[in-house]
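Across the two complexes that follow, chain A remains constant while its partner is chain B and subsequently chain C.
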Partner chain A sequence: MTLSAQSLDAAPRPLRARLAARRVPLSILALSLLPWILPSEALAVNVLVYGLVAVGYNLLFGYTGLLSFGHAAFFGTGAYVTGIAIGRFDAPLFAALAFGVAAGGALAFVIGLLSIRTRGIYFSMVTLALSQLVYYIALQASSWTGGENGLRGFTVSELNLFGWTVDFLDPVEKYYVIMAFTAAALWFVSRILNSPFGSVIEAIRENETRARACGYDVERTKLISFTLSGLICALAGTLFALHLAIVPLDILHYHTSGMIVMMTLLGGAGSFFGPFVGAFAFLLMEDVVSLWTPHWQIVVGSVFILFVLFLPKGIWGTLMAWRAGR
Partner chain B sequence: MSTPLLAVENIGRRFGGFVALEGVSASFEPNRVTAVIGPNGAGKSTFFNVLSGVLPPSTGTMRFKGRDLAGTPQHRFAHLGIARSYQITNIFPELSVHENVRIAAQAFRSRYEIWRDRATLTELDDKAAAALAAVGLAHRGSATAKFLAHGQQRALEIAIALVTDPELLLLDEPTAGMGPEETKEMVALIEKLAAERTILLVEHKMKMILGLSDRILVLHHGRLIADGSPQQIQSDPEVRRVYLGQNDGYA
Partner chain C sequence: MDAELVAMQLFSGVALGAILIMVALGLSIIFGMLGVVNFAHGALFMVGAYAGLWVASLTGSFWWGLLVAPVAIGLFGMAIERVLIRPLYRRSVDDPLLLTFGLGYVLVEAVRILFGSDGIPFPTPPELAGVADLGIGFFPIYRLFVVGVVAAVLILVWLCLEKTRFGLIVRAGARDPLIMRVLGVDIARVWLLVFGLGVGLTALGGVLAAPMRNVNPEMGSLVLAEAFVVTVIGGMGSLVGAVVAGLLVGVAISMTALFAPEMATIVMFALMALVLLVRPQGLFGKPGRA
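This part shows the complex of A and B:
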């Protein structure tokens, strides 16, 4: 990933480096084609939103090396807070989005603070437990969240973008609006990964002890990474709320966290394009397989197991490794 | 006598009821090579872990250039000018050799600067290249670190420590697992570094220590039992009894 080291070589830059240099425009190009190649616009929006969650998750899991099982909490908080801001307080759309992202980020900061000092399986369990706590809060506070029925009554039908009115009920227009936010988030993540901070989180993933001996405040860096990851996932949550016009309680459940982990692994953890590829593959499988059997999870689960066993780098990671090995 | 670079007084470290280190006092002058020896379990690694901030001492004080190190978190030690290598090779295996050293140099920049492109920090590349050249790895910069030979990985670890220009370099068994040829190269490297740095090393290879060190500390059961020049240590009856006599040459 180090462009500097590669530029020292006289050899032509490998495909991976050429893709990495243009990863944001390439992602945007691919995403803008999605509604035209997928069976439905709703599926395309799902790929966008879950892809973005996986991208946010990948920042923590793939690049910093921390396996969180609680990212549903940030995704869900973003969705709920946006929904409540619109439905209950009539907040303008952009303010509602900002509240959702800020709330998810603040929650990530707190959960990060509580979980960062534990390691390995304990870290995963602490994040899982804390996110389930958020789930039960949402379940109990039904006067705010709608409890088991989910949050309803905040349909956004129109969006005013600097004098240009977007019909939010038109699936294609809605897709491109959500894509614009996703593109901005992708650019932001790419920016983080390209920065010196990106080198530090990779170093921590590779060898925490050595990173600390080099002079890095490992805990602080992890906390920043955790919070940034939570912010991206919260943004995905706010977009999800706009898209569905309801927030199902399930969004906070650990099933959602597990799905985020699966998508990221399926596509390829630690690669920029991987999470989107993973979300795309996962949701497409769900969409296609559930047409002929309600037990689609058996098929998707089997595919996932095969990937973990035989292609641990995921779809994108394997593709790149195969290309590099030729 | 000038202010010592590092002075430890009555340092002790317990793990529950086990006393790994007790009552160790010593001070280290600049630009000297000091070896720490002792049988297995003597407390050498604990001593090094205390000196490099990995473990806070249970008792005693440490002063680096007159500054009390009590309560200093481990990652600050590198910033103060104390760098170390580990007994078991400790590098970033999946990163390139160049990036291994570059990331260490980057730690001394004060900010992460998310808006900046990491590739624009070319002064880090220069520093990394210089450190790699100093340990004889200039030609391996683009290799992935895990593919280096063992001796080269040990040298890389020293380059990682060296790139931050530390005043005190702690080397924990720098020749562990090396053959005679690699050991010779490492000794030459340490001799070169010793000209302008204070070096503390843990080693088992007695011949190497006697030739390389200005001074030797001997630990036994967590206590400092001898402290002197190689000649003094060699003729110390207590040291001969607990250490040298047992097995001539290697422990």
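This part shows the complex of A and C:
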């Protein structure tokens, strides 16, 4: 036994396992290089924020196996609540962020409670419909949200980080502050996935009936996963609000949910690096294609269709499968 | 509030509901048979409206648009099934859903390229303009016409599903496609036709809706959410459910528009949440399915 264990250790571990063991530091390293690789800092911040939404979404879609089409609601709520807290109540920055995350998480809990009552294909439809409800509420409550014009007037120009003042108008400094939050969230998600809870959600994805037969409370686990996923998306939303200093109404529309789904799938659902790879690929594609046509969506949509047909594991998943197969 | 206004608004709700029934019915038939939720359904509704507009402007007659567009878009739907959706049947149920979402994205953008991003007015055909006095109030003739067409189509679809050999195969195939194959039925061809039929119905809904609102590339995205709400309330795969829920949602929207306009877009979602709490499988759905 000891001998075989030793020889197992001695054998070179596959790339996938070596990457997985250091996934958080590796992600942070890659992210810290982004502003220097991409054509603009604004694009880098977008990759960061959308990558984080996709990471949160991936927890539910990739790992728990639930295809939600309503995650724009949590992303948007995080952004709106943070913006309102700063613009209307003059809340300190960290309190505003906490409010945004808490509100998005609470909404995720409520929507999760309703939509988890349905199974399979219904789930996608119900999450889409409930998130549209949030969209219309934000549209109607224009005295709070600015309605169709979006929420404005809460520009954060500097941030006092324990005595060190960060100039938020400098794109590079802003990038690294937002990256610090993202890194913390990535560490949190990695911990969730490594925990016994992480194994249970994957068990539910693989075989729900069997997980139930093993004695796991499937409904409760799904609800917790849904809420955690919503919390991460809400955090991304708060960062998005800080970054743009406006919250467009469209952030709540189900097209945003669709974009999150596309990014996650393009990169590779159910893998740790996939969502960031997907956000990077999607936004870079948008950036490049929109240089020569305003109709970039037709290109991105077609690429997405081809991925669903031929590369359902996404860029990262396919790369890993190809390495493993060699 | 006088009774005549309420009656007129009630009738607007029925006309709105009639359109929703067309969309939800197509969605429901496709799902019941193929197990595919067509996320491009709203976009195909919009494409149907544009096709109707285009044919009508070519021929100078609304009637040709009404006749040709649903058939053409139905055929287009069959091509989609054959080329894009058929390879996915052996995979997870999520894959066709994702694919059709991407397809909807592409269709909306394609229409923007061909027809521009701005809304285009679609005039009410002159034969159907004006109002009719029904004794209890004046009703727009065009809306009466829409309700009539939808009722006729519903009867046709019902007859086709319940009284023909094709309908028998469709109903049996929805229950157990494997047995149908064992019995020697070419189920792939049936699925192709059913997908075309479902898409044709939503395209017809699009053409019918066009004179009641402007035609624009985004018109499908609201309809998709509305059709989902109708389907969840009525119960997936149920013809009666689609009809009852469609009318319910249509009337609920138009009545709140009258009494509490700011709630009009919200009320149907509240209805859906209520149904989910009390009866997650929908009013006419079978418990196992939801």
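Note that the second predicted complex is superposed on the first by the 314 of 326 C-alpha atoms of A that agree within 3 Å, B and C clash if a C-alpha of one lies under 4 Å from a C-alpha of the other, contacts with A are read in each partner's own complex, and residues count from 1 in each chain.
The rule is simple: contacts are C-beta pairs under 8 Å (C-beta built on N, C-alpha and C of every residue); 3 or more make two chains touch, one makes a residue touch a chain.
Please read all numbers here as calculations on a predicted model, not as lab measurements.
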Which of the two partners, first being chain B and second being chain C, lies in contact with A:F197: first, second, both, or neither? first
Just chain B (first), just chain C (second), both, or neither: which does A:R88 touch? neither
Which partner chains sit in contact with A:R22 here, chain B, chain C, both or neither? Use first/second/both/neither. neither
Which partner does A:A213 reach: the first (chain B), the second (chain C), both, or neither? first
So, does A:I305 touch the first partner chain B, the second partner chain C, both, or neither? second
Which holds for A:R323: it touches chain B only (first), chain C only (second), both, or neither? neither
Need the overlap of the two footprints on chain A, from chain B and from chain C, as residue ranges. none
Seen from chain A, its contact residues with chain B in the complex are 2-9, 191-192, 194-200, 202-203, 206-207, 209-218, 221, 224
Residues of chain C that touch chain A when the two form their complex: 31, 35, 37, 84, 87-88, 91, 93-95, 97-99, 101-103, 105-106, 108-110, 112-113, 221, 225, 228-229, 231-232, 236, 262-263, 265-266, 269-270, 272-273, 276-277, 280, 290
In the complex, chain A residues that touch chain C: 67, 69, 114-115, 117-122, 124-126, 128-130, 132-133, 136-137, 139-140, 253-255, 258, 261-262, 265, 295, 297-298, 300-302, 304-305, 308-309, 312
Contacts from chain B onto chain A in the complex sit at residues 52, 54, 73-79, 83-84, 86, 90-96, 98-99, 102-104, 106-109, 112-119, 121-122, 124-125, 141-142, 160, 164
